[in-house]
């Protein structure tokens, strides 16, 4: 499984690629920062008295994109034509089986993310979107244009159950983005 | 449609990428040489007295990977989990609709390739495999390893109805590949 | 010849490179879309009652930049000092000789493009310029600047015999470019 | 801190770069797989009855290279001339301060890795070396040479307290490396 | 030493990298233009009656960044935490020792640059800053943003003893930069 | 002229590119090491009692490829079809004119290299070939193949008037190359 995870270093995030970022971050690059963000958010929530399992959240963050090692980062334009969720689910299951007795737990964690089954799974989804917007902002600050589409994710962050805790963070991003326009 | 075709320049051929070729050819790079090879093969067949519609073959070569502008080059590891053929068919149909009155013809040509419905469609499939092996050989000559898997396509070329006409070409490739091992 | 055509995948289009696009399209990338555009334009003209040999046009599109596999994409700054046309002509001739009995036809087609000897050759020249402008626009939309020079090609498109048929296409590009300024 | 962590996506791992891998993994790419490996190793140890704090281990894995966002991946050739450890320590401290009330804990975790103060810190060091060798092997399988130096890390893995649990994994790598020579 | 200098071709200038220029110039790229600029400036000064040793200036320009072959281009963010000057001094000394009887002279030249001990050393420092600003301007003209920080070097050029001779050059750059803002 | 020299950073050395090195050194990268090598060789010759003008040699090294900023690195395959020497001569002349009163001297220096008119010019030619072979060896050590052609330059080095002084250097390279085969 460690070898397969190497694919995540080689595979570009296709959303940026298709908008002309010629040498974009890898899936592993993205996953790394999602894990880092999850760490901070989970610890912050805990400090604020929310009952959250930080270990669980970190595991989900690390595993949530692993199936893309087989499926690749199928972009939105393609998801209209094929069932990415179903494909990743099957791939995740088969990859986790290699983890032996841990397989069941890992697949359960993966589903918590994919299907929003737990607080921790939903937090990683929040972190995943946040990470994407931070990256979008960085590309914009570098001079890249044509990335407006991505900012529709802002609305999803604002509707999230975690928004009240990280409002400043989210709106700070929104402000920096506006300054660039 | 011209704009969408621009995606084919940006999207890498994932087969090479996943085997460590860090800056591989684009889908458009590949499609270009498929068209060039098709041109030579079709003209050669005609010279040999085979009845073949060269125009038809060239059109198929140019259109055969166009749906990947939306679907991307989904690698073999993923095709086990999702129905690439079905997705590309639907995407091709929707892309060709933009071509107005020509839509029907183009989609028909696309299917001739995908489903092997015509001599010309099958010839482009032959050229498609040939192109991949030429590229594999070039990467091997550059020093890349780990590309053996691709050479299973040799068998498909040998079983093809066109093999007898281009035997020398196919076996020449096979010989050069062997020298590298 | 198929091996030599591989050079077109490796060689960057120097016009973009010299203006700071650090990882620009290859010559093959460009040639592919020229062929695609030619296909659409030729079929459209035919639908409009123009007598045009689509097969001929496609062959020209596929062959028109082949000599650059030996000469490379010598940029404008250099063409002032050396005779690119003459060099490509000689290189084309020697490359086509490898195509045996087809050599004569292919070289004839190549000259139809280079010297504008036929309707089909001139159409590919039109498609060649159109392709370059579409690419320029895409780079501009990505955030690249400094590409104004390329837009002088607009005038050549407007003076072309094909302008009346594809006026909407050409002016649509011009409009999108203006919005970026 | 999330913005600074973005540097880890942009910065190459200089060890590979200096040996001619022209487009190597980023620091974030590496950190991601270290976290993934840590997850598996820690869970495995726990299954084997070892008392280990998985959450702690994951946090360390995610934080262990963060200081490189300011210091960059200073290669071995440079470490002879400057005190990388001291620089990273100071940078880590200043970066973590931004994390407010969590700063103290994060810096403590960072030191557990750097100074081997805890079982979890040492496990991440083990995972860090393992990750590097997996990557070395992948580059070798791709065709890169000149990476023998890295394999001296093998000895460190063999001397580690964790070797007995992951002997098969380590020796499997060693075997695959030998086959390449 | 020639082999070690090869590192300068592989190592990116980290200042650009950290601001999002994904494929920036190498250290050798930079050093080359510093040498070229030094050549022109030194010859110009001489024509203006200034007593300057052109050979000495050129040698300094060629040698001034050589220690980075071992230390890499440690960015400003890191220099706060480690003593780059001291590290480069030691590395330079050890590299020059390989040059045998020339070692002493070369190390002396290196110090003239680093410590501003001679007119020639200070001229190369002037050329070094000039080169960086020319490159910053070129990236800005390409579309990159976020490079304002670098322009603080303008003040240093204006305070330099060489400013009166190359005022036009410096202010010309400043003007072109302003037009971009 | 400083701006035009920036092209040398952007333009790849096409010889490597055409043999599959996907991200090769730039012309400026090469020129930098030629200047460094020239510095050492010239100083060594002087130490050995040869009368040589080191300043002159360095100037030639820095200027010798400058015309490629307009002409690009036209590869051998193209030089059969076009007169590279003539083109570079004219371009060099026009570029140097911008250097005002220094133009004449610089053009003279350029010709000393191109036409081998002086000891210093011939030394830079020797350094130019040496640099290429060092680079070829480095690429071979990295794993790249297919570079044998370049080693025919070895014979030219052996026939050179400077061979007796740098025999050890040249034969050392030859030996390392043989070990790779």
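Labels A, B, C, D, E and F are assigned to the chains in the order they are written; within every chain, residues are numbered from 1.
In this section, a residue touches a chain if its C-beta (ideal position, glycine included) is under 8 Å from a C-beta of that chain, and two chains touch if they have at least 3 such contacts.
Since the structure is predicted, the reported quantities are computational estimates derived from the model, not experimental observations.
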item: Co-neighbours of chain F and chain A - touch as defined; value: B, C, D, E
item: Computed distance of Cα centres, chain D from chain C, in Å; value: 49
item: Inter-centroid spacing, chain B versus chain A (mean Cα positions, whole Å); value: 34
item: Cα-centroid distance, chain C relative to chain E, in whole angstrom; value: 41
item: Interface hub residues of chain D, defined as touching at least two other chains; value: 20-23, 138, 143
item: Category of the chain touch graph - line, ring, star, complete, other; value: other
item: Pairwise chain contacts under the document criterion; value: A-B, A-C, A-D, A-E, B-C, B-D, B-F, C-E, C-F, D-E, D-F, E-F
item: Contact footprint of chain E on chain D as seen in their complex; value: 7, 10-12, 14, 17-18, 20, 22, 70-72, 74-75, 77-78, 80-84, 86-88, 90-91
item: Complex interface listing, chain B residues touching chain C; value: 1-3, 5-6, 8-9, 25-26, 28-29, 31-33, 35-37, 39-40, 43-44, 47, 54-55, 58-59, 62-63, 66, 99, 101-102, 130-131, 134-135, 138
item: Contacting residues of chain A [partner chain C, same complex]; value: 19-23, 143-146
item: Chain D residues touching chain B - in the complex, by the definition given at the top; value: 21-23, 138-139, 141-143
